[in-house]
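The next part holds the structures, each set out as C-alpha cells.
There are two complexes below, and they share subunit A, which is joined by subunit B in the first and by subunit C in the second.
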Partner chain A sequence: MTLAVAIDAKMQEVTVWTRGVTLAKEARDTATLLAKAGKQEGKYVQSFDNYVDLPDRIGVPVKSYARLSPEPIETYYEYENYHPDVVVLAEETLVKGNDILKGAKPGCVVVINTARKPETLIKWISPKAELPKVKALACIDANVLGAGVMLTFDGTEGAGDDTKIGAGVGAAIAGAVAKVTGFVKLESLVDIAENKTAVRQGWENVSIMPLG
Partner chain B sequence: MPIKKRGTGLTAVADAWQLADIDVTASYPIRPYTAVMAEVAKRIANGQMKCEMVHGEGEHAQFSIAHGASMAGARATTGSSGVGVTYAFEVYSPIAGGRCPIQALVGDRTLDPPGDFGSEHTDCLTLRDNGWIYGWAENAQESLDNSLMYFRIGEDPDIMLPQIVAMDGYFVTHIAQEYEMPDQEQVDKFLPPFRPQFRLDVNNPVIMGPQIEPEMGPPLEWDRNVVMDRVKAKIAAVTEEFGKVFGRKYAPFVEEYMTEDADMVFLLQGAHAITCRSAIKYLREAGYKVGMCRLRWFRPFPDMALKQILPKFKVVGVIDTNTSYGASGGGGVLLVETRAAVSELANKPMIQGFTSGLGGETITHEEFFKMAEMMRETLRAGRIIQDSTWVNFNDYVEGASEVKAAQQEVAQTKE
Partner chain C sequence: MSKVYKQVPFAAIVPSPTVANEGMVTGNWRYLRPVVDKAECTQCKTCWVFCPDACVNMSADEGVSFNLKYCKGCGVCSNVCPVGAISRVPELDFEE
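Here is the complex of A and B:
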C-alpha cells in the first residue's frame, strides 16, 4: 500500500560537492549561509554534512546539504538530498567521475567554482541521461576573489562551529547560487556572511549558460 | 535567561554537562559520539567549563576512568557508540553494582559487521541486564533535558545508579536543530551538587568493589533489584518537577500521540518518532485510526504504564530498530519486552513486531504507511498473521512487491 501523498513537495534541495578536509569548511559554509539566509526570510531550513561520506578523509568527494521550504520539513531525518534542485561543485575537478546529477529534479541548476567557461565543462557532467533536466549551468571563479580557504575541523561531526561563517570562497559561491536560483536574497546573505564583499562579488561575477 | 540555540544532540548534551558542572569526563573517539568530546575539549580550552578531561586508550579504560572518578566523589561522564559500547562491556555491571552514578552519552551505531556508522539501538540494548537506567531522546532538546533529569535521578541518595543518555546516531547526534539551553540558575535549582555518602578518601578509608563470599552476593543483587523498582517513582517525580522548573513537560514513561480514538498504534523509541508523527497525519487523512506510543525509558522498562495504556487499542505494532537474533517472536528486543509487559492482561491487544530502520536507514513515510496497512490487515483478520515482519523483507501487505520495486528504484538514486 502506498498513499498518494507528496511529502515536502515544495522543499528546495541544495547539494554542495567538495573535497574532504581541504575544502570542507567552505562548502559547509555555502550550505549554512543559504540555509541561514532562507531562515531569515521566514523559510523552514536545514543544513548538514553527508554522514556516509567520511569527511575526515583528505581530498575525497564529500557533500554538504541545504534545504529550504515554505512549510515545515517532514523528511527531517533523511540522510541526503535525494532530489537536488541545485548542484554546486566547490571545486571544478569534481565534475569528472562523480554522478552529480543523480536524482536531480527537472529544472535543476548546476553551479561550478572554476576559471573555465560553462561550455568547456558541460561535456563532463554525468550521468548524461540526466542532462536534459538541467536548466542552467553557471560558473563562478571564486578562487580569484581573494577570500581564501579556511581549514578547520570545527563544526564537523555534529560539533558546533565557533569559527567565522562565510569568510572564504564559500561565501562567494553562495552569492553565485543565490543569483542563479533566486532561492534567497543577496541582502540576506550579505547580512549573515562574514565576508560581505565575497558574497557580492560571487553574485556579480557568475556567468550563466542557459540550457534546454 | 535560557538561550535559543541551533545545534545537535551532542552539543545539547555538552551544554547539559556544562550546566551540570561535571568534574571529570573520560573520552575516546568513535563516530557518532566523537563531537561531544570535541565540544567539551573546546569549552575547557575556552574557559567555559572547568573539568578534568582524561583520554582513555580505549572504551574499557574510558568507562573505568569515569568509574574511578565517581568512586572518588566526582560527577563523571563518558560515552561511546556501537562497538565502542560493547568493548567496555566488562565494566558496566561493576559501575552499576558499585552504585556509581556516572553518566554516559551513547550515540547509537550498528554493531559490526559490516562497519556501518548508521544508528541501530542494539549497542545500547545489549546493556539491558546490567543495572543502568536509560531511555532514548528523539531530538536535541530532549537529549539535553534527559541529561539533566538523569543526573538528578541517578545521583539521588535513594537511587545511586549510572545512566545512559541514548540517542540515535546521525539523526539526533548530527542534524542541527533548534533547542533551548536552560539558565544556569534554573539548573542549580533543579540539580544539587553531587555529594555521595561514601567515597574514596584517604582520611576516611572505605573499600569499594571487594572480593566477597558467595552468600554475600545475593543481598547486594536483591538491593540492585529493589532500587530498579524504586527508581520508577523517582522518575515520575523528577519528570514532573523538571516540567515545573523548565516549562517542558514530558510524559514520565510513555508519550502518547493521537491515541484517543486509535484502534492501532505504532510503539517505538527514539528519533523515528519524528517521521512517525508526520506519517500519522497522512494516515489519519486516509482514514486509518492510528496513533503512536513512544517509550521515554527502556530501563526500567515502563511495564506499568504499558499495562494501563495498551488495552485501549486493538493492534500494537512494535517497531524495533535493533536485532536480537533468535529472540521470542523473531523480532527485536522491544517486541519481547512489550509482549511480556502485558502478557497476563485479559484484555491485551494483538501485538505484532516490525523490524525497520536498521543500518541507520531512515524509516520513511512509505514504510510507516506500509506498516499501518499490515496492522490493518491484522485488525481485519482478528489474529496475528505474522509475529514479526522485517519491513521490505517479508511484508505481507497487499501490493508489497510494488512498494519494494519502488524502493529499489529509490535505493539506486541513493547509490
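Here is the complex of A and C:
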C-alpha cells in the first residue's frame, strides 16, 4: 500500500499515457483540464507530468497525471499515480506492449483515443491479471473531431507554449473522460478549455463498452 | 606501473553491447511498423546503414528483416530506401 492510498482514500487518480514530444502537450492538456475543472467545482487537485519519463523523445511512452479529491490532498511527495482510477491512452498503439493497468484500482476505467472498436483492443491490454478490475473500456476518435486535431511541439523540452490549454485532441479526450467517469461536469470543462467544440464532441462521441 | 596504465580503458569507452541491451528495449516506442516488399528490394543495404538502432538484419537467403524488439518505428529506413520498398503499417494491424 502506498502513502496515497493510506492517507488520501477519496482521491481519484487519472493517468494519461501518450507519445513523447509530438503528443506530450495534448496529454498534459487532458490532465490539466480535468484538474482545473475539478478545482472549479471546489475539489482539491494536482496535475503534473511523470518526471521519470523526462526528458522525452519522439514516440517514447510518457505519462501525465491528474488527482482530484473532495478532501485536501495530503500526498505531496509521490510523483507517480500508483493506483489509477482512470487510464487514458492519447495514442492507441500504447495499448500494446505497455503495462497500462499496473496498480489499477478495482472498478477502473480505460479510455483510448482510437478509431478502432473497443472489442478489438481488449486482447492487448496488459497485465492480463488486472483486467477483471476494469469496469469499462471507452473509445473516442479524437483525431477526426473537427477543429480538435493538432500536433504540436509546444511546451516540450523547454520550448515555449503558445497554444492555450485544451486547443487540440487533448480537449476532446478530456470531454470523453468526463462523461465516462463523471469526475467533472461538462460545463466546467467547456468553461476552461480553449477548444470548447472539441470538449463537447468528445463528450458526445465516446463509445463505452461495459466489462465484467 | 605501465602495465596497469595500459589496462585502463581509453577515456570513457565501455564495451558495447554486442547483441542487445535488455535495459533499453525500444520496441514499444513504435506505432508504425516497417514492412519490406521483397519483390522491390534490391538488397542495396542503404536501410541497414542508416537505421539508428541497428535493427535491420540482412541475410543472403532471407534478405531484409527487422528486429522488432528494438525497432522504434522512426521511419528512417523507409525514407532512405532508394526504391521505396519499405512501407510503414500501423502496429495494431498486426496481432503480434
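Throughout what follows, the second predicted complex is superposed on the first by the 188 of 212 C-alpha atoms of A that agree within 3 Å, B and C clash if a C-alpha of one lies under 4 Å from a C-alpha of the other, contacts with A are read in each partner's own complex, and residues count from 1 in each chain.
We adopt the following convention: a contact is a pair of C-beta atoms (placed from the backbone, for glycine too) under 8 Å apart; a residue touches a chain by one contact, two chains touch by 3 or more.
Computed from a predicted structure; not experimentally measured.
Peer 1: Which partner does A:G103 contact after superposing on A: first (subunit B), second (subunit C), both, neither?
Peer 2: The answer is first: A:G103 touches subunit B but not subunit C.
Peer 1: Once the structures are superposed on A, label A:D53 by its partner contacts, choosing first (subunit B), second (subunit C), both or neither.
Peer 2: neither
Peer 1: Where does A:D141 make contact in the superposed view: on subunit B (first), on subunit C (second), on both, or on neither?
Peer 2: Touch status of A:D141: no partner.
Peer 1: Can A:E74 be said to touch subunit B (first), subunit C (second), both, or neither?
Peer 2: After superposing on A, A:E74 lies in contact with subunit B but is clear of subunit C.
Peer 1: Looking at A:E130 after the superposition, I want to know if it touches subunit B, subunit C, both of them or none. Which is it: first, second, both, neither?
Peer 2: So A:E130 meets neither subunit B nor subunit C here.
Peer 1: Between subunit B (first) and subunit C (second), which, if any, makes contact with A:I7: first, second, both or neither?
Peer 2: Touch partner of A:I7: subunit B, not subunit C.
Peer 1: Figure out whether A:D29 sits in contact with subunit B (first) or subunit C (second), or with both, or with neither.
Peer 2: neither
Peer 1: Residues of subunit A touched by subunit B versus by subunit C: which partner has the larger set?
Peer 2: Between subunit B and subunit C, B touches the greater number of residues in subunit A.
Peer 1: Would you mind writing out the residues of subunit A in touch with subunit C in their complex?
Peer 2: It is residues 19, 57-61, 91-98, 116, 121, 124 of subunit A that touch subunit C.
Peer 1: Which bits of subunit B are touching subunit A when the two form their complex?
Peer 2: Result: residues 7-11, 31-32, 34-35, 38-39, 42, 117-118, 170-171, 173-176, 271-272, 274-275, 278, 282-283, 286, 360, 362, 364-366, 369-370, 372-373, 397-399, 402-403, 406, 410, 413-415 of subunit B touch subunit A.
Peer 1: Would you mind writing out the residues of subunit C in touch with subunit A in their complex?
Peer 2: 27-31, 72-74, 90-92
Peer 1: Going by the contact rule set out above, which residues of subunit A touch subunit B in the complex?
Peer 2: So the residues of subunit A in touch with subunit B come to 1-3, 5, 7, 46-49, 51-52, 74-80, 82-83, 102-103, 153-154, 156-160, 162.
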